[in-house]
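The letters A, B, C and D name the chains in turn, as written, and every chain counts its residues from 1.
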């Protein structure tokens, strides 16, 4: 395990009016770790992701990415610092083709920024990277199909692809296998495993099969608090977790 | 000076209440359906014309009730056969639809009633000076306008606070997803809200048509100001619409009645811009000439610094 | 993302649209009627004013044609709808010259007139073999016969400062005029009146106090209550206003309902739509300065011209013969063409310049220096006991004073370039 | 519609043949530009076509906002008008001082002014999209228009400003007095601007503009600030609008407050939308159509504004992809062979609609005659007939035609068409 800390949350809270959704979360995720956050519905998992990715601002506490404070920054700034995320609900450029989606995802990291003096399709670097990604996502056949016409599993795969395209070191994946059949979910796990070899991965996941298959470490979030954060084995054995979560959901 | 202030307040209040009649309907429609109805002022105009024509046969008092109902029915049809169809394409086409509708309504009004102002006068029963203040007589009709506007506000307030449908409407102004609580027939609910909103505008027209002028340009004149009020007051807030209406009414009336300029203000603090300075035109400009752009400056500033408006519960 | 084939349709469309443009382009022929391009608003908010003017011109043209036309050729009025837009008007000038039209006329709006004047000058400079004359029947900005004067422009209405000159001369003789309020629209027309009225009153009656002067946005004020309370606050006994249309009607109505007792000295108290909107509220209160009004025919016993006015009323029951200058303009044009023996604009212009013409109101004179018609003016007041009412309201105008053309005459700064 | 294959054809691996295919519309466009004035020689027609060029640039710049970036603006004329005013001031400056800027470059002055004001107003208005942006643009539009009457020094009051295009020197020694010379100058600029805007759509910024339009959140999570993307697009669109304003000055040699006004803003919105905001060439078609209708239809009928409004409403309701979109759709359908077997019903459908339209037009024209003519009893010319509208007969006939056409379409042709297309499409 690497010594560096990729993502560190200290005493993060989030209120919506009087409702306290996140109640003081401390979390440390090391570089190149595959970290899964689990917890019952309404525990605040998605909110936590929104806080980390900059979609929401924490009410208090600090969030650091590689030692730099990111709370309060807009999402695109956080993204440029090396953090990328996928969504629970498919969130693509629906009118664009698969290839175009990937290209868009690559533009910033390839340094093209807001350029209006060069054509996208003439940028060999972008094209090459996009083609590679297509290969790895097993979407080469669908290269020029609009995203909206892809199957659900393909859309999810493309979403993962768009997430990793920028070469971010830290990836947040929000329920990547939600709504998938068993085999589709297995394929997705396999894909994630393949394409995230040298990234730090933070997942929210319900499917416990996926969780224990993929995770290096697991954090359990219940009612806005982390009640355990440890290796899969240790979490499985943790009595508090069993009571609060596994006990109620996984008979 | 005192009389200028008193009259400006009275007239500003009056103008504000008229603005409120229009904007309350629009804020309902906008808040619930997300449709920023460009043709809203056109329904105000139709209210005036309908009431005028009807009044020739039935007299003013019948027209006062009948014209808004007719316009509301027309509004319901516009929603049912026009907006609902466009709705599936998204909000921008909806906006554009109402934009085009405003053109068409204006042309139709010109066609049927001509370009010249209508001879739409107040009923004889209200055509007398009610009281005299500082030597100026105050017509009874204006007081009547105020009464109608206040009655409307109270009625609307009770409707929204005391009835079930009202509570749901009120809820959905801040949380559009609640609309489904209206039951399974959301489209029909939309239709009636649209009809109700246009009916309110028409009521404003029945009265405003007398107070101002009933002519084909009246919608174009009123339209942008109503937007300003709705945005300023805050999305879906009836109280906000009331405050913003009165604010704009009083502000514009005051700017017109009182001699005032930045230079006067500057002189008060012992500062002056040299007359050949680039901003000198603005600096020495009379407030009367600046009055027309005041609402738009307010609008732009409000949208930049507080897009939710004065009392809005969520952003537009 | 985008496909190639989109483009073909665009070009097909372009070609199709272009093909349609062929229709209006017709060639000129020599023996056709003498055509006068009438450029005024025929759609939109000012359409009624434009149509009223058009009917005046058509009526006059028919009369001339019944009398045998000009040089044996018929006169035809060709309407162009300018939508009250300066740029649209300028392009209509171009369109008219393209069809070989040699005379254009316009009246509504000095901004429009400025654009037309510019377009006409430019055309005559660039296309010497296809010139056009601009006959201005109502745009009163003094600039057109002063610093912006042109050989190709003739004005048949009295320009704004002439009217103010006549108004103030009359007011100077009234002892009960003590405090005057100047309320005008915020554009050049209103600015000219405000400035000229202040200067001339100061010169003729230094004891008259300008109680206040206000400019308001044109065509946008719906509620004149604030202005009326300002006038009242100033203690004025008279108001001079160049307002027209609803800006005047609303002002007078508001003054009436607030019980404000002042006299309104106006330019356009009898203008289209105003009497109908003011009604009898204006009686003994609204005065106007014009080159003519219908009851002049009664007062000065002009049965022939009265017949003309009656015939017009019979033909167009909704409006009245209002533009006496159109009568002057058409008959002076006829005389000029007959004198020149040709419709060539340069020759007609030379004939028109300096022409004296016997009009029902007396001799009028087209001054050669600036092409401004010098004519008598009438100051009249709204009255409900007159033979000719206006707009079927039962209210008409009665002459208070006739100002001879010598008294209304003003010097000009025009330095005309003649070809 | 099989979009996949076309996308492949238009993809990045374009061969020389594809390049030729890409270029031919531009070559054809240039050809049309050269040929048109030979066919339509009157000075008015040439001015009309020059106006079309100006409007094309303006409408294309508008579509950079609405079509590409999803920003609905009600105040785009601000940049057109301010560009025009600035160009006019420079033209007058040249007149007054003999300053040596050649006339061919004056439109660039307009473009720079557009850019300048685009940066100023864009920085405050592009923070949000949607209704907030639309409202701010409306507010700024009203503000600038009202200012035109207040700051008469710059705007020249209601009379506007005049200039003379023949005064400045020419780079190529051309005399720009005749309209035809200006026409070619305008067209060269129009083509240049159109090509530039076409290419802009293919740049990273152009792509991200689409991305931000469709999904601003996703765009943020690939590193782009939606606000910045909107801002850049806005400033560029304002630049091209200013360029159009500069061209306008050369054509008309007059600028008035209506160039910054709401009506101008509305016209460009109508042009772009009627043509079709989904494709690059939609606004081109729309601009040509709108300028043509404004110039010609108003001479033919008093009801032209009504037709204009109805056309717009119908497009919004039934063809949100715009006229160009409908044409291309039909073109694809034809290529794909789906007209086969449904040609009869298609023609029948179109014919029934045309009949309905004729009936409606007849009713409107008669109504205008009845309500607006000083003497409704006077016979009027309607198509090839002469009718007297005070009697019931013409109304009955016209209404019958309209209703019959519509009924035939709704009740018969449309179901038939659906059946035929349902069968033929597979």
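Worth a mention:
The working rule: a contact is a pair of C-beta atoms (placed from the backbone, for glycine too) under 8 Å apart; a residue touches a chain by one contact, two chains touch by 3 or more.
All values reported here derive from a predicted model rather than from experimental measurement.
Taking the mean of each chain's C-alpha atoms, the chain closest to the overall C-alpha centroid is D.
Chain centre most remote from that of subunit A: C (centre = mean of CA atoms).
More C-beta pairs touch across one of B-D and B-C than the other; that pair is B-D.
With centres taken as mean Cα positions, subunit D sits 31 Å from subunit B. Centroids of subunit B and subunit C (each the mean of its C-alpha atoms) stand 36 Å apart. The distance from the centre of subunit A to the centre of subunit D, with each centre set as the mean of the Cα atoms, comes to 44 Å. For the pair subunit A and subunit C, the distance between C-alpha centroids works out to 74 Å. Multi-chain contact residues, meaning those touching two or more other chains, occur in subunit D at positions 3, 7, 146, 210, 305.
Multi-chain contact residues of subunit A, defined as those touching 2 or more other chains: 96-97, 100.
For subunit B, the set of residues touching two or more other chains reads 114, 289, 292.
Across the complex, subunit C is touched by residues 3, 6-7, 9-10, 18, 21-22, 25, 28-29, 32, 36, 39-40, 42-45, 47-49, 51, 146, 149, 157-160, 162, 164, 166, 177-179, 201, 210, 252-254, 256, 258-259, 279-282, 284-285, 288-289, 292, 295-296, 298-299, 302, 304-305, 323-324, 327-328, 331-332, 335, 374 of subunit D. Looking at the complex, you find that subunit D touches subunit A at residues 3-4, 7-8, 11-12, 199-200, 202-208, 210-211, 214-215, 217-226, 228-229, 232, 236. The touching residues of subunit C, when paired with subunit B in their complex, are 45-48, 186, 214-217, 219-220, 222-223, 225-227, 229-230, 232-233, 246, 249-250, 257-260, 272-273, 276-277. Across the complex, subunit B meets subunit D through its residues 36, 82, 85-86, 89, 91-93, 95-97, 99-101, 103-104, 107-108, 111-112, 114, 224, 227-228, 231, 281-282, 285, 289-290, 292-293, 296-297, 299-300, 303-304, 307, 315-316.
On subunit D, the positions that touch subunit B within their shared complex are 66, 70, 72, 124-125, 127-128, 130-132, 134-136, 138-140, 142-143, 146-147, 150-151, 153, 266, 269, 273, 303, 305-306, 308-310, 312-313, 316-317, 320, 367-368, 371-372.
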